[in-house]
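Structure provided below as C-alpha cells; questions to follow.
Labels A, B, C, D and E are assigned to the chains in the order they are written; within every chain, residues are numbered from 1.
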C-alpha cells in the first residue's frame, strides 16, 4: 500500500510534467496558428527546458532566491499529487479541494519570496501584481468551491468525480451548475495568468515582472512550473466541472479541450489594467458565482 | 498542422567538416561527452533572443519573428531580459551610450551566450565610419560569434544567421563567450579606452571566470587591476556612469 | 474632414473571429530564401572585361567602402584609358546605396540578387567582386545600369562655332571658347580618374587643373598647366587631345572637353599673371651653361623654356621670320590665332630664352659655330619637305604642296588663289589647306570651289571629325576612297584631276599599299592641285660631315629615349624624329631638356660662359 | 552556484521608487529610455533619456557630398524612411532650383503613402503589443511585409530605399508593379475588417486606451505637437494640404480628426489615415498609368556639384507628423548644415514627459506607442 | 509651388511695420525670411504669435559660421491661420555664445535650445533645462562646431580593420595590393 502510494507519488508528477509539456506545445502552436504562422517544433518545450538547465553559468540573488525555487517546484509537484487522475489517486483522499486550492498558492508565494530577494523593481511590481491577481480571482473561485461543496456535500475530489460520473454528461458539474462552471472558467483563466488577466508578466509594462531576474536553471524551473500549472489548473477544472476522467483518453481530451479554449482566448484580447482586473473579477465572475451558489443552495 | 513549410532541417551541416569539438575539462568521459552532445543539441534548438533594439537593423527583426518568417519554427523566440536570453543581437551601429548597455546586458546574460553582429556597422563602422558617436568594430568590445553582411540584412539573411549559429552550436563551435572570460583584460582594455579608466560593470567577470573554471591567460591583466582599485568605491554607491544618473537631473522648474 | 473619434465601447465577441485563423493556412513562407526582386541591391558584381579601373566608384562611395586594388597581371592601356586595378568592397562599410553602380562610367559594376552572407570570418567581408559574385554562385544581376540612371553628366557643354558663312568670310577664330559658367559646368563633369593624365604624351595634370577651374581658381589651373606645358594657348586650341580619347566619362557619354578647359584657363588669366605664374620657380642663379636650339617649333620652344627655368642660357636659331614653326606656318589662323601663339612665345621669352629669327643654319651661322659656342645643341627642325603623289602631271607648277600654301598664306604671299582647286589627302593638313584656300576663294571670287580627295573611307578618316564636318559646312566637297590617277593638262594649265576608286588601303601585312579599281574613274575639274599627303625632314643644314657621323635608322635620325643622338652633344626632338603632333613634340622637348639638364649638371662649366 | 562577486543593490526604502523604462525594455519603441519616478502605480515624474541611437547625422552629413547624403538620410528614421528622403531631396531641389519631372513627383507620392501605411501598420502592431495583444502585432507586421515586397521591387531594397534623389527618383517603376500594388491594397482592404474586429473594436483595447494619455488641443499647440497626434485633438492640420508639396494639390483626400485626444483617438486617426493613403494610392496609380516622361532631372556630375548658396526649409508630413529639413549651402559640394526637425523631437520628449505625469505605470508603454515616437529621429 | 510672391503679404506687412530694422525677403509661396538683430528676436516672435497666429515653432536651427565667428540662429515659426512659415534669422557672437531663451513664448524651444546647447555650446538664458541629453557619454567639445573634425577624432580613437583575405594575399604575392 505504502509502496504503491510512493510509486504513485513519483508517477503522478511525471505524467503531469509530460502532459504539461504537451499542453505548453499546444499553447504555443495555437498561438502561432492564430497569428498565422507555423509555430514551434514538437519537442520545443523540452529543448527549452534542457537548454535552460544546461546553462554554464548561473546567477543567484541569495539564499532566499534559491530556496524560493525549491518551494516553487515543491508546491507544484505536491499539488499534482492531490489531483486524482484516472487510475491514480495519489493523496487525493488524504486531502481535498481546499487543500489543493491552498497548495496552488504555494508556488506563487515561493516566487514572491525569490523575486523579493532579486531587488529588481520590475520583479517586485510583478509579484505584487501577481498577489493582487490572486486576490482578485480567488474571491470568485472560493465561491465556486463553496458552491461545489454545497452541491456535492463533500470537498473530496474522488467523490466529486464519482458523483459526476454517475449519470453521464447530465451529471457533470458544468451541466448541473452552469453558472458556477462559467465563473470557475473565468477564475481559472485568470489563474493561468492569461490575457486579459495577464497582469503580472506584462512584458511591455514591467519586463516580465517576476521572471525579469530569472536565468538559467531558475528560468528552467519557471518553464517547468508553467507546464505543471497548465496541467494542474486544467485538470482541476476537468475534475470540478467536466466529470473528471473516466479513462485516460477522455481525461486527456477534456484536459486539452479546456486548456485549448483558455489559450485560444488569450490571443484575441489585450490585458486589463491591474485595478480593472480586480474590479472585473469582483463583479462579473463573483456575481455569476454567487448566483450559481444561490441556485445551488436553493436546490 | 502543416509541417511542409518547415521541411528543411535546420541542423543539417552544410559544408562544415566534423572537426574536433572543443572539449571542456569536464567533457572527458564518454558519458559526459554524450551529455554534452545532448546539451549542445538542445541549445542549438532553443535560442532565446534578447529583445533589445540596439540599432536600425532591429526593424527587420519583427518580420523575422512574425508570421512570414516565423523563427519560432526553428526554436528562436524573443526574450525580454538579458538574464533569460541566449543571443544578443547587435542590430547595427552601436552608439557609445548604447555600448555601455550592450556590455552590461552581455555580462548579465548566462553562458553559453552568443552575439551576432548585424550588418556593416558592426564589422567596420558601416555608414557611420566617420561618426564620432558610434563604435566601429563590435568584436573589440564583446566577443562576436557571427556577422551578417547587409545594411540592413533581410529577414532571410537573419534566418540564415540563426541557422548558421545553430549549426555552430550543434557542432560545439560557438564558443566566443569563453573568449570573454579568457581574454577579459583585452576586452576591458578596449572598453576602458572609450569610457575611461573608471569604467567598470556590476558583474565581476574575473570572479565568475574563477568560479566556473574559465580562467585563461588573458583573464587578468593591467586593466582588470584597475577594477580592483574601484571595488571598494563601487560597493558604496551606484556608479556614476550607470545608469546615467545625476547627469540627467532636471533642474528645478 | 472627418471625425473618427470612436463612440462605442467595443465588443468582447468580435475579436473571437480571429480564432478562425486556427483553421486557415499560415502566412509563413518556406524556409528557402526567396529570390530577390529583379533590381535588388545585393552583393556587387563587376565585369572585369568592362572595368577600366578608373576608381570613380571609390570616389562616390559614401563610406570609403571601396578600395582600388592593383592587380599586376591585368592588361593596361594608357592610351585607351585602362588601368590594371579593380575595386574591392568592404562589406563592413558598404550600405548598398548603389551609387557606385549608378556612377560607374563603363557600367561594369552592378549589384546582384544575392543577399546572404553569414560568417564568423572577418576577412570574408572584404571581397574583390567579379562576374560570379561573392560566393561564385552565379546569381543574376539585380540593380544595374540603365540608360536613364547614370549619375554622370554625359552631355558636354555646347561650344559655339562660327556659322559657316561667317567662318568663310575671313580667318577669324572658329570657336570662341567657353565662358566662365560653361567652363565651370564642364569642369564639374570631370570625375578625377586621371586617365587623361596617363594618356597625355606630356602627362598634363588635367584632373588638377580641371578641379581648380571648377573651384574657380584659374590661377591655380594655369600653374598646373605650366607644370607640364609651356604652349598651353596652342594646346588649348589645336591639341589632338589624346586625353579626351582616354576620358572615362567618354565611355558612355561625351568626354570632358579637356582641351577647351585648358584654353579657358589660359584665356581667362591676364598675360602678365600667366607670365608670373609660368616663370615662378626659375633657378635664381644662372648655371653658366649654354644651350643652342635649332628650330623654334614646339619641341624647341618647350626644351628652351625648361632649360631656361633651370638657369641655363638658351638661344634658339630660327630660319623663318617668326618663331613658332609649324604652329605658325602650318596651322591656319582661324584655328590658332597668331596672337595666342605669340602670347605663349612671349612667356617663353620671358623665361630668358633668346630667339634669333631669320637665322638659318648653314646660311647665317654654321653648325660648327653653334657647337663651339654651346655645351649642348638640340635640333628640332620639323618636317618641311613636302611629299608628292608622283602621278603624271605632278611636276606642273600649279601642283602645290600644302605646306607651301599654308606658309604662303601665313606670310601673306600671293601664290595665286585658284578658281577651282583639288586637295589630295585626308589628314588634318589637307583640311587646313582646303579650308584656308576656300576662305581666299570666297574673298576673291565670292564662292568656294574645292574638292578634297581622300584615300580613306568616311569612317576611317585621319582628320578630326569636326574638321570634316565644318569643312562640309563651308562648301568643301569631300570624296572618300579615291586616289589620284593623273592630272589633265591642257594648254599648259591644269584642267582636271582624274581619280580612281581605292579598294583597299593596306596589304595583308598591314603595310600601306593602296589598291585601286582602275575601271572607275572620276574627273575633278580644277586649275590647281594641292597635295597634302605628308612631309619629310630636311636635314641638309647639318652638313655632310655631321650627317655622316650621326647614326640613322630608316632615314630618320637615331635617338635614344630622351632624344640624344649618337653624338653626345647633340639632341634631336620633334616631328623630325618622332611625330606626329604638337603635344608629342612638347613631350619630346621636355624629355630632351631633362636629359640635357642632367648631362650638363655633370659637366664642367666652360670658362667664359658665365654671364 | 553563486558567483563570488554578488553584491546586493541598494534601493531607497521609500514608497516612491524609480523605474527605468529602457533602453532594453519591450515597452519602449526602439532604443530609448524613460526614467519614471513612481508613487504606487502612478507616475510622479518622467524623464526621457535619449542618445542611444545618436550617430551624429547632422555632423557627418556635412562631411559628405550632396548626393552621397541620399544614402544617409533614410536612416534617420527607420520605420518611416521615405519622408526623410523626400524632405532632403526637396530641400536640395529648392536650393538648386531644380524642377522635378512630373512622373517623378507622382512616384514620390506613391512611395510616401506606401511608407505611411507601413509605418502605421507597424505602430498598430506595437501599440497592440504594449497591451499584450500580440496577435495584432503579428498581423500588422505581416501585412506591412507585403508593402515591403513592393518597395523591394521598385527600389531594390526593403527598408532603406535610397530611392528619392534630388531631381526625381533613381529608377522608373518596373513593369507591372502597379498591378501588384493594387493587389496588395486589395488584400489590405480585405483584411481591414479583421483588424477592426481584433483591435480597433476590441472591448479590452478600447477599455485600455480610452482616456489614456489625453492631450488637449491647447496643450498640443503649445507643445508643438504635429501629425496624427495633433489631429487626434481636433485640429485638421496636415502639411500635405496646408503647405503642399509634390502633386498633393491634385489629389483628393480627407484629413481625419478626432476630438478626445487620447490614445484610442490617436490610433483611430491613424487607422483612418491608412484608409486615406489607400485612397491616394489608388489615384496615384491611376495617374501613373498615363503620366510619362523622365523620372529624374538632368543634374551635374555628383562628384563636383556645387549647390548654390542659400537655405531651404522643406517640410513633409511623415507618419509621425511634421518633418522638416533645414539645409544651408555655402555654394560648395557638401552641405554646410543640415538640420533635421523630426516630429518625435516634440512628442517623444517634452510632451511625453508631460503626459506621463499622473499616468499609471501600465499606461507608460501604451502612451509612448500611441504617440508613435521614433527615437532615432530624436537622436539623429 | 515655386512661384515667387512679389511682396510680403499684407497681413505680415502690418505686423512687421511695428518692428524697425527688419529685412523681409519672400522666399517662395509660403516661406518668408526675416533678418533682424538678436535683441529684437523675442519681440518679433511675440508679435508674430500675438498678431499673426504664428503659434507653432517648427524648429530652431543653429549654423556655425567660423569666418565671422558667429552663430546664426534661425527660428522657424508657422501659422496655422495664414499657412506661412517665417524663418527669422539672427546672428550672435560665438563668444560668449549666450542668447535668451524663447521658452516662455514657445514651449517647443525647450527641446531645441537644449539640443543647440549640447551640439554647439550656445547658452540660452532662462531655458528650463540645458542638461545633457543625447551626449551624456560624450566628453569632447560640442560636436557640431565646425572646428571639431569628426574624421580626425575617429582616426585617433578607433582602429580600422585590416582585412587580409586569401585573394589579397595572392595579389600581394604578385606585387599588387590595395592602393592608398
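The rule is simple: contacts are C-beta pairs under 8 Å (C-beta built on N, C-alpha and C of every residue); 3 or more make two chains touch, one makes a residue touch a chain.
What you are looking at is a predicted structure, and each value in this text was computed from that prediction instead of being measured.
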| item | value |
| --- | --- |
| Intersection of the contact lists for subunit B and subunit C | A, D, E |
| Third chains touching both subunit D and subunit C | A, B, E |
| Chain occupying the most central position, where position means C-alpha average | D |
| Leading chain pair when contacts are tallied as C-beta pairs | C-D |
| Chain centre separation (subunit A, subunit E; CA means) in Å | 59 |
| Mean-CA-position distance for subunit B and subunit A (Å) | 35 |
| Separation of subunit D from subunit E, taking each centre as the mean of its C-alpha atoms, in whole Å | 22 |
| Whole-Å gap separating subunit C and subunit E, where each centre is the average of the chain's CA atoms | 48 |
| Residue list for subunit B, restricted to those that touch at least two other chains | 2, 5-6, 51, 66-68, 70, 73, 80-81, 95, 97, 123-125, 127, 129-133, 151, 154, 208, 244, 248, 250 |
| Residues of subunit E touching at least two other chains | 133, 135-137, 143, 148, 150-151, 161 |
| Interface hub residues of subunit C, defined as touching at least two other chains | 12, 15, 18, 26-28, 62, 90, 92, 95-96, 122, 125 |
| Chain-to-chain touches, reported pairwise for every pair that qualifies | A-B, A-C, A-D, B-C, B-D, B-E, C-D, C-E, D-E |
| Complex contacts: residues of subunit B adjacent to subunit D | 50-56, 58-60, 62-63, 66-68, 80-82, 93, 95, 97-98, 101, 105, 127-128, 130-134, 151-152, 154, 202-204, 207-208, 210-211, 234-235, 238, 243-244, 248, 250 |
| Touching residues (chain side subunit D, partner subunit C) in the complex | 64-65, 67-68, 70-72, 135, 142, 149, 152-153, 155-157, 160, 162, 170-172, 174, 194, 196-198, 200-207, 236, 254-260, 264-265, 268-269, 271-272, 294-296, 298-306 |
| Subunit B - residues contacting subunit E, complex | 95-97, 100, 123-125, 129-133, 135-137, 193-195, 241, 244, 247-251, 253 |
| Residues on subunit A engaged by subunit C in the complex (per definition of touch) | 30, 32-38, 264-265, 267-269 |
| Residues on subunit B engaged by subunit C in the complex (per definition of touch) | 2, 4-8, 10, 67-70, 73, 120, 123-127, 129-130, 139, 144-151, 153-154, 156-157, 159-161, 164, 168 |
